[in-house]
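Heads up, there are several structures right after this.
Here subunit A shows up in two complexes: once beside subunit B, once beside subunit C.
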Partner chain A sequence: MNPVLRRSYSEATARQRVAALMDPGSFRELVPPADKCTSPHLDAFRVPVSLDDGVVIGDARAAGRPIGLFAQEGRFLGGAIGEIHSAKIVGLIRRAIRVKAAAVVGLLDSGGVRLQEANAGEIGVSEILRAVFDARAAGIPVIGLVGGASGVFGGAGILSGCCDVLIVSDHGRVGVSGPEVIETTQGVEAFDSRDRALVWRTTGGKHRYLLGVAGMLVDDDLDAFRRALAETLEQPPRPPVDGVERGWQELERRWNDWGACRDAVEIWRAMGIREPERIPDLDVAAVRAARPRRGERP
Partner chain B sequence: METLQFEFEGAADPDPAAGCPALAGVVASGNLEVLLESRDLGGRCRFDVRTAADGFGAVWQAVLADFMQRHRLRNVLGTINDYAASPAVVSLRLDQAAESFAGPES
Partner chain C sequence: MTLLDLLRDLFPLGHSVTAAGPLVTGSARTAAGEAAVVGTTGSPALGIPLLLDLGRCYRRILAETPARPIVLLVDNSGQRMGLTEELLGLSQYIANLLAWQDLARRRGHRQVAVIYGRAVAGGFIAFGLQADRIAAVPDAHVAVMELPVVARVTKLPMEDLQALARTVPVFAPGIENFYAMGGVHEIWRTDLAGHLARALREADGQDTRAALGAARGGRKLAAGLVDEIVQAPLCSNR
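Showing the complex of A and B:
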C-alpha cells in the first residue's frame, strides 16, 4: 500500500486505535475517564495520574462479532501495568467469559509491570494471565495485537505469549527482558542495547513472525490491523488439547536447531531463507513470502 | 507535582453542549489530558489541575482565562492531568476537548 495513504497504528493513541478497529459506533466503554478511577500509588512518587490509568476497556463489535476489548495506552508511563490498570483488564476478561463474547481482543502496548506500584503491579499481571487462561479454558479465544511504540516487554511480553494468536506489525517489538536489561545483566558483549539494528533484528515484529511467535505480520496501518483481526475472528483458533506439550517441543526444537546462533540473521539462514541479511530491509509482504511453511524446514 | 484549582464566571449565553464528558490528549511527556464534564457549579466553571511542573500557577490562570474567552461555557468541570505540556499544547487540548464537548451538531 502507498505509505502516504496509511494511517499509522503505532502513532495512533489507544482511543484512536479502538475507533479505527471496532465496528463504527459499537464500542461501549466501561470504567470511562469520567469515573476518575486513577492510580492510588503514583502520587507518592510525584508522577501524574491518568483518568483511565493507561487502559481503555469495553464491549464492542469487530467484524460483526461481539468482543471484549482492552487497549493499552503505550504513551502513559510506557503502558506499564499498575493496580487499577490490571484490575480493569481482569474485570473485562471475566465479563467477556460471563457474557460468552466471541473473543477477547487486547491491543497490547506495554513495557510490563509499573515499577512504582511494585507488588500490586506484579500481582496484577499474574491475575491478568490467570484470567486469560480462564477465557481460553472457556473456549473464548484471546487475540493480541502488537504495533505500538512500547511493544510488549516484561509481564506484557509474557501476556503476549499467553494469547491464542498474536498479530504484529514490523513496528511492533516482542520480548521479555528489554534490551537495556539484557545488557545490564549479561554484559555489552552479549547484547549492545544501543545497536538499534541489532535490537530490531532480535525483538522486532519481523523476527517474531519468522520464528512463529506471531501468527500474522501486518503493515503499520490501522486498516491492516482491522483486516487481520477480522480474518482471525472469522476463523478463530482452536487450540489443541496437547497445546502446551507441543509448545514445549517447539521450544526444544528451536533451542536444538538455533541455540548456537549468535544473531537473528544466522537463525534466518538456518531456516533456509535465501539472502537472510536482506530481511531487515524487506517490506512486510516480502517477509511474509519468505517465511518457510511448516514442514518445509531444510 | 502541584495541584491547582481555578474558577471562572460562566457565560450567560452558553454554547449548546452535547452533555457527554469529552476527553482530549494523553498523559505523556510534554502532553496532557483534559476532561470536560457538565456539573452544576452555580453557573461557574472550575478546573482541577494536577501538573508535574511546579510553579506555573500564573501561566495556568492565563491560559485557562484565554480558553474561557474563546468558548462560551457554563457549569463545566474541567479535570486536567499534565505532564509538563507547553502553554500552546495546553490550549490545543482544551480546544479539542471543547470541540467534542459541544457535540457534532455545532
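Showing the complex of A and C:
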C-alpha cells in the first residue's frame, strides 16, 4: 500500500478510530462526555479527570452489522482501567447480549488496572471477563483490536486473551507484565526494557501473530483495521464445543516445544521459518506469508 | 493461615487433599456434599507450568465428577513476571484457566474461592476472583500493588498514601478494602466449615459484585452505571 495514503491507527485517538472503523453515521454513544461521568477517585491523587474516563462506548454498525463497541483512549492515563471505565465496558457487553448484537468489538489500548483506583480496577477487570464469557456463551463473538500506543498489558492483556479473535498491527503490543515491570521486579538481566528490539520481538504484533496469540496481522492503518474487522464480522468465528480443551492442549504443546527458548528468534526458527532473524525487518504482508499454517509445524 | 490449619478447619468431615509442590488437589466432604478441591500453596507466582497444572485439574474434575462443587484454595503472589512467560503469551495461559472456570460454571459446578494466603494482581484475576463466591480468612492478604510501588509510580509521599488509605478503600491492599468494594463476598472469622457449606449452597453463578460494592459504599457508581447502559433504549435507526 502507498504509505502516503495511510492514516495511522496508533496515532489516532479512540474517537478517530471509532469514526474510521464504524459505518458512517452509525455510532450512537452511550454515557457521552456531556454526561460528565468522571472518576470519583482521581481527585485525591491530584490527577485530572477525563469526561469519558478513557473509554468510548456505544451501539454501532460495522460492515452493515449491529455491534456493541468500546474504544479505550490510550492517551488518558495509558488507557488504564478504573471503576467508571470498567463499568462502562461491562454495561456495554451486557447490553450487547440483551439486544442480541452481532458482535462485541473492543478497540483495546490499555496498560491495565489504574493504580489510583487499583482495587476497583482489578475487580472491574474480573467483571469485564465474566461479561465477555457470558457474551461468548450467548453466541456473540468478542473481537479485540490492538494497535494503540499503550498496547494491552496487565488486566487488559488478559482481556485480549479472552477474545474470540484478536486483530493486531505490527505497532501493537500484547503482554501481561510489561517490560519495565519485569525489569523493576526481576532485574535488568531478566529483561532489559531499554533494548527496544528485544521488547518488540517479545511483545510486538508480529510475534503475537506468528505465535497464534493474534489471529490477524494488519498494517498500522485505520483502513486496514476496518477491512480486517469487516472480514471477521462477515465470517464470524465459531468456537468448537471442545475449544477450552483444544486451547489447553495447544498451550501445553507450545510450552513443551518452546519453553526453553530465550528469544523470539529461536521460537521462529523452531517453527520452521526460514531466516527468522529477518522477521523484524519484514513488512506485514511478508510476515503473514511466513507464518506456518496449522499442522505444518515440523 | 497455613494450608494444614485451613484444611482442618474447612473440612472437619474429612478430606483427601494433598500438596505436590505448589499444587494442591484432592476431594473433601462438606455439609453441602462432596467437593473437588484445587489450589496452590506457598504463595507461588503463577507461571506457565502451574497455570497448565491448574487447567489439568479442572479438565479432570469436569471429565470425572460432573457438576461437583469446586473449592478453590487461593494463595499466590501474582502472575509470574518473566521473559519466558511473556515470550510464550502468558495472556493466553491465564485466559485458558479462566475459560476452564467458566466452562465449569456453565456445566453446573458451583465454585467457592477461599483466600487463605495471598491473592495478588494477575494471580488473583486468574485464580480466585472469577469464582461464584469469594471468601477470605482474616489474616489473608489481597493486593494489586503494594503501597511503596504505588508511591513510586504516582510520585506521592508514602505518608500521604497511608493517610489516604485510611479513608478510602479504593486503592490500598487489604481484605477489608476488597470487602468494601464487593471483590470479596465474605470474611470468615470462625466456623469455616459452616460458612463453606452455606456458600456452596448459595453460589448461583450471578455476578453481583458491583451491587455488593455499592451496598457497602466502596464502589458507589459502578452498579448503577452498568444498569443504566444495559437498559438504555436502542436508537431507531439501527
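By definition in this document, the second predicted complex is superposed on the first by the 298 of 298 C-alpha atoms of A that agree within 3 Å, B and C clash if a C-alpha of one lies under 4 Å from a C-alpha of the other, contacts with A are read in each partner's own complex, and residues count from 1 in each chain.
Here is the rule we go by: a residue touches a chain if its C-beta (ideal position, glycine included) is under 8 Å from a C-beta of that chain, and two chains touch if they have at least 3 such contacts.
Fair warning: this is a prediction, and the values are worked out from it, not measured in the lab.
Contacts of A:18 after superposition on the shared chain: neither subunit B nor subunit C is touched.
In the superposed model, A:32 lies in contact with subunit B only, and not with subunit C. Touch criterion not met for A:222: it reaches neither subunit B nor subunit C. Contact with subunit B, but none with subunit C, is seen for A:49 once the two complexes are overlaid on the shared chain. Ranking subunit B and subunit C by residues of subunit A touched puts C first. When the two structures are aligned on the shared chain, A:108 is found in touch with neither subunit B nor subunit C.
In the superposition on chain A, contact is made by A:213 with subunit C only, not with subunit B. In the superposed pair of complexes, A:75 makes contact with subunit B only, with no contact to subunit C.
Subunit B makes touch with subunit A in their complex at residues 1, 21, 23, 26-28, 31, 33, 35, 37, 50-52, 79, 81-83. Residues of subunit A touching subunit C in their complex: 26, 28, 30-31, 37, 40-41, 44-45, 57, 59, 61, 66, 83-84, 86-88, 90-92, 94-95, 98-99, 113, 115-127, 129-131, 133, 137, 152, 154-155, 157-158, 160-162, 174-177, 179, 181-182, 185-186, 190-191, 202-203, 207-208, 211-213, 243-245, 247-248, 251-252, 254-255, 258-259, 261-264, 267.
Those residues of subunit A lying in contact with subunit B across their complex are 13-15, 32-34, 36, 43, 46-51, 73, 75-76. Interface residues of subunit C, counted against subunit A in their complex, comprise 48-49, 52, 55-56, 59, 79, 81-96, 98-100, 102-103, 106, 121-122, 124-126, 129-130, 144-145, 150, 153-154, 156, 164, 168-172, 177-178, 181-183, 207, 209-210, 213, 218-223, 225-230, 232, 234-235, 237-238.
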